[in-house]
């Protein structure tokens, strides 16, 4: 239960950073925190009481392992998350080179 | 009392010593005055603490001993390098020593080197 | 029981780090706070019996992601202005 | 100020909604009540695939096509970083920073770099037996290259060799899939014998694909870091 609270808190604070912060790197930090929160939420959904890790070696029975499907999905998400972060940050570097500011309100010419 | 029990007790003792040193390292980070002293506490004490804990667990489970020794050697190699790099970077960044420090050997060397490079 | 208390302390620390990393004006400190959140989340994954994801989060979320952020801050500017 | 308080209220409502919906509908740590697809993976995974790590079995065998797509996404992201930062780089052969790393760090990097590469290789070769696999091992390899970059200011990766490695490894993944299509009729179907679970040479095509994924992820993350580091200030 406490894990749900942690995950919901991380998602909420990520959305807070995305909504209220003007600095673009701060926005990406919020996105990264939200990513961690969603991962934690998915993993804690797959947990069962008294379960063991889903590695069937050394006499671990299939009845007592935790759900491996969310873990596989989250493993994918972690790697995608860092590549998305890197892409966003390189776009920010490019924008900074052009406008000399990180404030998203001052990047005004970004229209058609 | 067979051999493995003795090994287990030795391992428990080592884990206890390691935990004690880790605690002392954490205490040092709170109590010491400046960056360099804190690095000393955070690296020397922590290296010995982690070393003791890992070797102790390796002795408690003898089938994990080779892996434990490998991890310990790795920690013994990486930890001093990282602390050295941190101290050097923070000195070059211009973080001051504690005002009651006794000796500063790196500053005169650095100034001499800069003068030599400036002349060239 | 001890595990629950330890997890509660870890989650409390994680919340403090998350709030700090969103609210501080120095972006480098914010990135270090994010790294701390990532590491604690990785410990929570291990407690939740997901060692694969814990390894991935510790290596990628706390290692490479932090490096990417630090490089981006070095190429731009360090302090957040209002 | 009004904007901030409205946002805070909205976020508090969101937090409460997420938390109580979860706590009501999906109690934490409940025993498995649904007989979904997870049960098939758990009860038949070892017999079907031969891998004792079920996460590996799902990632590489059952959902191998997803993983192919994911590696493609990673490739597109790395290419995107290179494209966005194009013509912002500095000419090769120059130093990146003014101050060089000290002798201790350089010597340490020379000793530790092969060890880190070996550790990454160990992680992805043993992906079907122990925790770990291609993504984690690739991340460790990228960390090793990052360490090399930080310690040696003149170090540059050879882009041609990296691109060649990446292409060969990606083609290996696709070729294993096409061989499965030719031999059995299904893309990425396991056409090798399963062997006995728990041994290094078991689990059919899983070790081949995981080695390919590990090298590819390592090369791509290194490429991202390289592209971002070479940009001038």
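Here the chain labels run A, B, C and D in written order, and each chain numbers its own residues starting at 1.
One rule holds in what follows: contacts are C-beta pairs under 8 Å (C-beta built on N, C-alpha and C of every residue); 3 or more make two chains touch, one makes a residue touch a chain.
Predicted, not measured: the structure shown is a model, and the values here were computed from it.
*Asks:* Measuring between mean CA coordinates, which chain is farthest from chain A?
*Replies:* B
*Asks:* Could you tell me which pair, A-C or C-D, is linked by more C-beta pairs in contact?
*Replies:* Most contacts of the two pairs: A-C.
*Asks:* Using Cα averages as centroids, what's the distance between chain C and chain D in whole Å?
*Replies:* The separation of the two C-alpha centroids amounts to 19 Å.
*Asks:* Quick one: chain A and chain C, Cα centre-to-centre, how many Å?
*Replies:* Their C-alpha centroids are separated by 11 Å.
*Asks:* Where the centres are mean C-alpha positions, what is the separation of chain B from chain D, in Å?
*Replies:* Using C-alpha averages as centres, the distance is 31 Å.
*Asks:* Nearest whole angstrom, what separates the Cα centre of chain A from the Cα centre of chain D?
*Replies:* 15
*Asks:* Can you tell me which residues of chain A touch two or more of the remaining chains?
*Replies:* Correct list: 3, 5, 9, 13, 16, 44, 47, 53-55, 65, 71, 75, 78-79, 82, 86, 89-90, 93.
*Asks:* Going by the touch rule set out above, which residues of chain B reach two or more other chains?
*Replies:* None at all.
*Asks:* Note the residues in chain C that touch 2 or more other chains, in rising order.
*Replies:* Chain C, residues with two or more chain partners: 51-52, 56, 60, 64, 68, 71-72, 75.
*Asks:* Return all touching chain pairs.
*Replies:* Final set of chain pairs in contact is A-C, A-D, B-D, C-D.
*Asks:* Taking the complex as given, what residues does chain A use to touch chain D?
*Replies:* Result: residues 1, 3-5, 7-9, 11-13, 15-16, 19-20, 41, 44-45, 47-49, 53-57, 62, 65, 67-69, 71-72, 75-76, 78-80, 82-84, 86-87, 89-91, 93-94, 97 of chain A touch chain D.
*Asks:* What residues on chain D touch chain C, complex-wise?
*Replies:* Answer in residue numbers: 53, 55-56, 123, 131-133, 135-136, 139-140, 142-143, 146, 221, 224-225, 228-229, 231, 233.
*Asks:* Touching chain A in the complex: which residues of chain D?
*Replies:* 3-4, 7-8, 11-12, 14-15, 18-19, 22-23, 26, 28-32, 37-38, 41-43, 45-46, 52-55, 57-59, 63, 66-67, 70, 73-74, 77-78, 80-81, 84-85, 88, 129-131, 133, 135, 139, 197-198, 217, 220-221, 224, 227-228, 231
*Asks:* What part of chain A is in contact with chain C in the complex they form?
*Replies:* Residues in contact with chain C: 2-3, 5-6, 9-10, 13, 16-17, 21-23, 25-26, 28-30, 32-33, 36, 39-40, 43-44, 46-47, 51-55, 65-66, 71, 74-75, 78-79, 81-82, 85-86, 89-90, 92-93, 96, 102-103.
*Asks:* Along chain C, where are the residues that touch chain D in the complex?
*Replies:* 51-52, 54-56, 59-60, 63-64, 67-68, 71-72, 74-75
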